[in-house]
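Below are structures written as structure tokens.
Next come two complexes built around subunit A: one with subunit B, the other with subunit C.
Take a look at the complex of A and B:
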């Protein structure tokens, strides 16, 4: 009797919103399939006219956990970058298509500095070289180091030795420079591009941002060249095989079937991203800025009448948003190793997906959306194996389109939490 | 006194210039003259000159078609579609799949080309409809994100190795359908040096009387065909614009709420405009990538960048006007896209710029010692990159200062009767044309 009532209630809900019912059904099937794969239950093949389907299969836990970890890593980057996009989207009221290129600017400027410091042998050596060049005191440490190719990120990664274990100071300074540079670029662009058109409609601003995107992207290509390069050195980089560690600690699990390798760069990324997000949370909760931002997102004219200095709030918005985006760009390169002038642009749609998923204007939504998108794009590889793996990105895009169509206020119901 | 006589002399010219056909003719003549001058400056012979002019004309024409298609969607119906590349890809890929020879790799179905072209346009329309039906309910900027994501999904779909037997995967669809011009002019369409047909005999002897080789003559004939296609598309759209359907579209463009309150189902009109535009984008994709000279269908071609070029072209011409679209497409393709590399060659030849610094710093350092050549050489070598930066800058400046387009605000009246044909002469006409602006 009890069960019948539950089933009936479920059926009624499904009739009310068939779209949601389908989504839940698909999610349930995928979850069951994942569980079956993990315990090694396989059913099938179920023949369809075009292809055969299997239910379940055999996927080692280590593979799932490994994919989940890389999903968290990329999700942290997307989450960090999507905060800025979400803020500008709600406060300035336009979709900023140049946001990905802000990320590229941060990555390149930060890594150029990291490269110089790491390549010359540390901050002290750099200071001494500069002092020597200006005053003639001390001695130059530049030696036979080719400064030009260091600045332009052309030195082979092993020669520059930029990595968090060998040159932690270089990484920290680089991160700070990445943040600062992106903020400066964003503020300058706001002054000359967006401020003269504050009252324009969203589409005009969107078009202007496409123009900005072109300028930034090809400016980076003009200065640094358009080749993609590897910049981080993996020399002596500490890393750990978690799967082995777990099976060593708990011998009754038997030998590990795969490996989950986590290196220090990934851990740094996740930790720094978490710290930045927490810092932002404190900043917006403890100051009036958060309240002012929420007020502006709702109604700019009303906020202005109430005495909120709107221009200053907009400046703070760019400062926060661009700073976090620059950090995201720098950290992305730290974990992935490579960068090119298209790096940020290729990530832009995933960032949009995260923003839309979390609900435009919601910072916590954007962070959560970033994690969901990161996890979805990596975990989908459990099902999209072999040739199908190229569908991981379209999966995230399709998820975004579905949410826009059926739940445009985001999966968290459009709660504004700036 | 003398002022009024010059005005009298210029009046017929002005009247002539009021006709759109005259404007387009003048612009194409100007573009041709410019590139002819470039070519002679570079010392090209007749064959080289024609090849240069032909390339510019072809690009101008295909841009014209696709910008017209976008104008239907954005200019008229206000639908901000930035998935143009995806719809062009659907058109080009479908025609290749339908009409390529079944023996090549990847194999096509070998259907006649006209069926393939219609199929390609229908496929693009269908994809457009599937996207439009749910997405048009969204806010304009949401539609933008949905369409650009859709175009990326389409591109990745064609790119994936999973379907490489059908689509060719990342290396593209190599087995292209036979170019109709080859079939018309040559007995063996796959072999450029084979015996010409009767028509081919006439055409080739005509071209060779100017000393133009066959490998330039064939694409030239094709380009003329594309120009004709542009004309047909333009006339169809002009006709559509004057029909009751087009008048509703223009009404939607001016004020959707007003059109709704007059009892028009604006949603329905917008869906149809979107589908029509997508079909024409498919056609542009076919003419451009599936059959053109140097045709190639690769997923890389259909990156969102090309969508943005088309948008820049439309904004140059001014959204909402068919003639502006054609002018904008041609100006973008010739002056912004094709001219910079040619100008670079001219400057490099004329001033003997041989400096080739490997990077920006090597180019900037010599300035301290008064050497400007390395910087000049570096700028010229990177003119492609600079061109894209310039396009971005132009887009920003246009949106800020001339949101109605470089060629000025053109308003095509939505009314069936001419609003300008009132009794007041001269100045008040212009006022009447812009009268609608005050109501916003």
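Take a look at the complex of A and C:
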């Protein structure tokens, strides 16, 4: 009886919104399929006119967890970078298309500094070199290294590239510089481009930002060249096979199937991103500046009437948004290794997807959206094997469209920066 | 009290109020809305601006608060010229302003809204928050709630509370009864009376002109962006022309 009633209710809901029913059905099939894959049940092939279809299969749980982890890693970067875009959207009321290139600027400036420090042999050696060069006393260690090709990221330090194990100081200083440089660039651009058009409409600002995007991107290409390069090395980088660790700790699970490799760069990324996000949360909820930012996102005219110094808050918004974006750029490169002048631009679409999915203007939504986008683009690889794997990115966008169809104002719909 | 409203817009004997608007021209961008407006509010006085829709009543308040394009004339508040100051500095001078619409930060809690009202101070003035809570006890009950979830009347109280956070010498209210249920309108006017009784000067624009004129000390009649005359509230209420044109006979 009970079951009948449930089926009845389900059918009625399906008739009311057939679209939702289809989506739920597909989701259910995928979930069942995933479970079947995990326990190793395989059915099929079912012949269709175009290709043969299998249900279930054999996917070790380690692969699923591994994909989920890499989804979290990329999701953390997207989430971090989305915050800045979301902040400028809600407080300045425009979609900043140069946001991705802010990220590129952060990545390049941070890594250039990391290269120099790692190349010369640490911060102490760098200080010594600078002091010697300025005073003219002592030997210059820089004589042994080609400073120009280090700054321009042409020849890697330590023969292979920097990493957090061999040159932790270089990485930390690089991260700080990435944040600082992005902030400086954002403030300068605001002063000379966006501030003169503060009262312009969103479309004009958007188009101006596209101009800024091109300018930044090709400035970076001009200085650093247009080749994509690998800047990190995995030499001696600590990593851990979580699958083995788990089966070692819990022997009754049997021997490990497959492996889940987590390296220190990924852990660094996730930890730093989480700390920064938590810090931002505290700032927005507990501090006077954060409350003023939320107030301005809510109602700019009223903020002005209330005596909130709007220009100062806007400056802080750029500072925080750009700082987080610069950090995201640096950390992205730390975990992925590759860096090119289009790095941020290519990521921008995913960042926009995260912001839109989370509900434009909501920073918590942007963080959640980033995680969903990251997870979707990686987890979909469970089904998209072989040639199909290039559809992983489109899958993330498809999911975004689905979410927007059912929740037009985003996951955190309607909730502004609060 | 005169039988007819005097056709004068200035106070007798060249007297000046704590707020003195003289021959003010103002508008938005290139569009001039106000021309030659004179207006005074004495210390502790309760003044209302009445007039037909589109006469520029709200624009007068916005201009005093530095939110329009200044085109000429002078505004002084407690002897300081304020007509070229930005809003955040006018707040420093001691004027609080409650706009008509969207006058609370919907996403912030009630308490956070009040804190924003005292943004220009270095520290949150707890005693002032206490005073606002004492005046509007419902706000204390709802202090952690998002302002957007309050009823219209509660939002109006919160907006006033926010404007009172700096204990201003002059409180400007734009249509405080707009959107309120009829039984709440009287209560709102009572609260404004009490704020005025406690020594704060009040300048108000009201659509509910009869009630506003009944309660205020003086009223200004504004037509087409120019003020034609002023008189005691009761005198304006009794004035045949005013009755005909703005009070529905």
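Simple rule for what comes next: the second predicted complex is superposed on the first by the 382 of 418 C-alpha atoms of A that agree within 3 Å, B and C clash if a C-alpha of one lies under 4 Å from a C-alpha of the other, contacts with A are read in each partner's own complex, and residues count from 1 in each chain.
Here is the rule we use: contacts are C-beta pairs under 8 Å (C-beta built on N, C-alpha and C of every residue); 3 or more make two chains touch, one makes a residue touch a chain.
It should be emphasised that the depicted structure is a prediction, and the values quoted were computed from it without experimental measurement.
Trainee: Between subunit B (first) and subunit C (second), which, if any, makes contact with A:307: first, second, both or neither?
Mentor: In the superposition, A:307 contacts subunit C only.
Trainee: Figure out whether A:400 sits in contact with subunit B (first) or subunit C (second), or with both, or with neither.
Mentor: Touch status of A:400: first partner only.
Trainee: I want to verify the contact counts: of subunit B and subunit C, which reaches more residues of subunit A?
Mentor: B
Trainee: One more residue to check, A:112. First (subunit B), second (subunit C), both or neither?
Mentor: In the superposed model, A:112 contacts neither subunit B nor subunit C.
Trainee: Once chain A of both complexes is superposed, is A:327 in touch with subunit B (first), subunit C (second), both, or neither?
Mentor: Touch partners of A:327: none, neither subunit B nor subunit C.
Trainee: Between subunit B and subunit C, whom does A:388 touch in the aligned arrangement: first, second, both, or neither?
Mentor: After superposition on chain A, A:388 lies in contact with subunit B alone.
Trainee: Can A:299 be said to touch subunit B (first), subunit C (second), both, or neither?
Mentor: second
Trainee: For a test of understanding, state which residues of subunit B touch subunit A in their complex under the given definition.
Mentor: 80, 134-135, 138-142, 144-146, 148-150, 152-153, 156-157, 159-162, 164, 308, 311, 315, 359-362, 382, 385-386, 388-389, 391-396, 399-400, 403
Trainee: For a test of understanding, state which residues of subunit A touch subunit C in their complex under the given definition.
Mentor: Listed in rising order, the residues of subunit A that touch subunit C are 288, 291-292, 294-295, 297-299, 301-309, 415-418.
Trainee: Of all residues in subunit A, which touch subunit B in the complex?
Mentor: These residues of subunit A touch subunit B: 94-95, 148, 151-152, 154, 193, 196-197, 200, 202-204, 206-208, 210-219, 221-223, 225-226, 349, 352-353, 356, 386-388, 390-391, 393-394, 397-398, 400-401, 404-405, 408.
Trainee: Quick check on the complex: what are the subunit C residues that touch subunit A?
Mentor: So the residues of subunit C in touch with subunit A come to 65, 67, 87-88, 91-92, 97, 99, 102-108, 112, 115-117, 119-120, 146, 162, 166.
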